[in-house]
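For reference, the structures are reproduced in the following blocks.
Next come two complexes, and both contain chain A; in the first it sits with chain B, in the second with chain C.
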Partner chain A sequence: MTDSLPPIYNFPPLYTCQPNVLIRKQQLATWCDLLLNYAKDNKAWCLNHEGSILRDSESSNASIFKNETIQRVAPAPFIDQIWKEMVRGQKAVKNSDEAYFILWRSLEQWSSLVLQWFETSGKLNQVVTLYELLEGDESLGWEFHGMHQTLCELCLQKLCDRGRATLLKEQNKIMGVKVL
Partner chain B sequence: MRLRQWHFVETTGSGQPILRENEKDIYIEHPVGCYQGKSKILGKQKGRVYLTSQRIIYIDDEEPTKNSVSLELDDVAHVEYSSKFLRKSARLSIFLKNLDPSEGAKVNSAKKVQQTTSKWPCPICDFENETNETLRIENMSLFSCANCGITPDFDMIKDLTVLKAPQEPTSQVNEVECSACTFLNHPSLTNCEICGTRLPVYYDNVDAPHFLDCRIKIELQTNDGLKADGPLYIQLSFRESDGMLLSQTIEELIENQPREDTKNVYNIGATSINESYPHKETHKETKALELETKLGRVGIASLEKSQEDRLRNNDIILGSALSDLNNLMALASDIEQLYGKTARDDVKKKPPLFIVDREKFLTKELFIKEISRELHGFIMTEFQKQMEVDGVILISLVDIYALYNKAMRIGSGLVSPQELKEACSQFQDLGLKNLHLTKINGRVLCISSGDSFGYIKKRIIDIVTTNPGADLLGLTQRLNENDSNSWTAGIIMEVLSNCVSEGQLLIDEQITGVQYYVNFDWKI
Partner chain C sequence: MGQGSSKIEVTKADKAILQLKISKDELHRYTKRTETLIFNEREKLKRMLREDTKNGTKSPRARILLKKIHYQNHLLEQAADQLINLENLVATVEFKLVEKQFMVGLQQGKDVLTRLNKEFKGAEDLMDSVADQIAYQEEIDQVLSSSLIGGFEEELDRELQDLDEEVNGSKEEAPVKLPDVPTEHPIASPELPSTEHLPELASVENQPQEKPQREAQFA
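After this line comes the complex of A and B, so read on.
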């Protein structure tokens, strides 16, 4: 799962919080890039705090913060710093206490991608359920296919803010969307 | 007028005199100017005076290696002290003994009584005879040929006799025997090479090249007013202190000199047992042997003579054998005592130590200055190897403190950390430019030479570049590869943390320790 990461992933000092502030900033930036790469390559929308991929509420044991090849683990306080940096750089969104959405594209980019899909597939002015949008056959091959529902709601919210979409709610839960 | 009593004194690089064997330092005075007679001596106006058990040593402050001179206490007749008067500073006049050449001449003339041997060939058998007698008609009976036994006519051999110049084994004659340990020293030496005792000097050897030491430079400001037959004196002028203590100490020393001289004679016990002086005994023996070997070696006539000689010789040898045995026993007990006495401080005794004792200094400032000099000398010798290999040294003050106190201060009072620090910060003021006190990482005080920190930093980065993941232990081993333990772990640790905080190195912390990597990826 970590094979496709750049070679710096196997550099031992990466796993120690560097005392020099300027160096640490770059180290954290390197970590952010690594996390984005990792999530993108594995289509992992959601990582828990320990760096494991969350899929359908079940998590695997493998973690990006644990490098079996060189036997290194990033310490917990350092992981906290990395997540803080991710959120600050809007590369991740905190979902719940223990899980983060990794944004290898920003929310704006995702929402315009969704809008593009609506336009090209001729679904404008129709009500489309979220399931149809994320899991349906028509969105196969699009990058957002299989996106976590909560994350998708955030993207659609962006469209609403621009006045291009109306969200259909049922019992306070977003069920469908209509793009104008 | 040139005084022979001035001697050159060897100093260490840090401006301390090198003491001889058995020499002990007693007192140090500072600052002092030197006068010969009434005149100032140029270049010797500001320095320290070290009083030792054998010498009065002047060390110049500016050029300690060139302008330093010493006086033997043996040459001092008496001293006179004059106190400060108006603008005239306190002075100590040192009157020197007139070096009387007659004493030395006596010794040498005794040596010069040498037997001249003459040679004459036998007109019959052509054998070349040797004799100690001079050829005269009256004593022709002595001139029988050693080979054929026939006495020739006076007229026949009077022209053939050849006087042979006495052959002296030159090397032996010139060597000077030490009165304490009997070692034969080179004539240029004034003190015994082995035990440091003052040697008897023969002043009729003045023309010998060794005597005038060209390293001594005495330049006078004006005429010194000294006459060869008048009293010779030099003066020490005390610039700040009153010099009382020094004068009194010198006076006391001179008084006690004769007693001190005899105290250290090594085989003092042996002479009393033997009743006669041991050197005389050896002379007698060699003379007897000479009779046997030198003359009358051949011929019938001499066979009888040599037989007689041998019998006489046996008597002498037998007689001396018993006294020798006594001597030996006395020596054995002497040596036993000596062992018991020296075995304990054997290690410490190797170099003649210059002991910087607190009590010898009037003010703390002087003491610190002297400590500073001693420290400099100590560091330069202790870390000489590192200096040769790396060209720089860097030692933490804590290490120096421990080393110095353990090696030099036991028995003479340990120095406090505060004193050590003060002493180290005075290196620059004392002209010992090659060492200085620095603070690395803004917290660790170190003694350093040149840009040692930059040097060691570069070396560490080089090592880490070739061996990524090096740890402290590995680095220490690599840096001290040439078996000198000169780069301490403490210093290396400081350098490493400096590299890390400046971003040249990255750390990888684990349970097993910290490993270091060069920072290639995250440039600042």
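After this line comes the complex of A and C, so read on.
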């Protein structure tokens, strides 16, 4: 799972919080890139605080912060710092219960992509359920296929702000969307 | 594209479609789940047969498992049918919506056309009155031109004659009108003012003046 990460991932000092401010800044930036790469390669929309991929409410034990090859683990306070940096740089969005959405594309980019799908598949001015959008056969092959529903809601909210979409609720849950 | 201000309205039809699609999604999810279930059970059965090569085929558990798989397959087929039904329904509804749009467009076109035609309703009257006015105008023209031609012609004739006379002289010498010769004796000349008190020169002047007057009278 971590095979495709750049060699810096196996660099032991990366796992200790560097005391020098400049170096630590670089270190945090490296971690952010690593997290983005990791999430993108594994199509992991959601990581928990420990760095494990969350899929359908089951989480694997493997964590990006735990490197088995060089036997290194990033300490918890340092992980806190990394997450803070991720959120600050808008590369992650905090979901409830200690989990983060990794944005290897920004929310704007995702919403544009979704809008593009609506336009190319002729779904404009039609009601489309979120399930249809994210899991349906028609969005197979699009990068957002399989996206976490909550994350998708955030993207669609961006479209709503632009006046292009309306969210349809059913039993207080966002179920569908209509895009113009 | 109205940015922001335009609100996308959600109609009842949208809600209905949403419901329909939600149930469709439910079926979709169910088929996916069943597919994985069947796959897993098939794997399990295979494993069972591999483990117990002798009595595997006879063991009731294997039979039950196979039956279960068949049953699941049956359910899956049913679900797929229903899914297709729902999809057809959704497609039909969506097409109907488009048709509705089409009808609305047609209606609007008709409305505009009738409104425009209504505006042309006065056209007949208008054309009538225009024709009337044109006829009247022609009448006036005729009257004017005829009267003009008449008067003009006379004038022309007269002018032409005058010119002709001027150039060629009158064809018959018009007799010079002379006063008639008096037949009676002239009455005594009216009393003239006395010249007694006038100076000499004046009296001399007066006399020759009187003479031609008398001559003219006798001529």
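Just a few scattered comments:
Please note the rule applied: the second predicted complex is superposed on the first by the 179 of 180 C-alpha atoms of A that agree within 3 Å, B and C clash if a C-alpha of one lies under 4 Å from a C-alpha of the other, contacts with A are read in each partner's own complex, and residues count from 1 in each chain.
Quick note on the criterion: contacts are C-beta pairs under 8 Å (C-beta built on N, C-alpha and C of every residue); 3 or more make two chains touch, one makes a residue touch a chain.
Model, not experiment: these values are computed from the prediction.
For the composite obtained by superposing both complexes on chain A, the positions of chain B and chain C are free of clash and fit together. For the combined arrangement built by superposing the two complexes, chain A sits at the apex of an angle of 140 degrees to chain B and chain C, based on C-alpha centres and given in steps of 10. By the touch criterion defined above, A:L180 lies against chain C but remains apart from chain B after alignment on the C-alpha atoms of chain A. More chain A residues lie in contact with C than with the other chain of the pair chain B and chain C.
Contact with neither chain B nor chain C is seen for A:H148 once the two complexes are overlaid on the shared chain.
Residue contacts after overlaying the shared chain place A:T30 against chain B, while chain C stays out of touching range. Within the superposed three-chain model, A:R164 lies in touch with chain C and out of touch with chain B [touch as defined at top]. Touch criterion met: A:V127 reaches chain C, while chain B stays clear of it. Once the two complexes are overlaid on the shared chain, A:P12 sits against chain B while remaining clear of chain C. Closest approach of chain B to chain C, taken over C-alpha atoms in the A-based superposition, is 44 Å.
Contacts of chain A with chain B, set against its contacts with chain C after fitting on chain A, share not one residue. Residues of chain C that touch chain A in their complex: 1-10, 14-15, 17-19, 21-22, 24-25, 28-29, 94. Residue ranges on chain B touching chain A, taken from their complex, read 469, 500-503, 506-510, 515, 517, 519, 521-524. Across the complex, chain C is touched by residues 126-129, 131-132, 135-136, 161-166, 168, 170, 175-176, 178, 180 of chain A.
Remark: chain A residues 8, 11-13, 15-16, 18-20, 22-23, 26-27, 30, 72 touch chain B in the complex.
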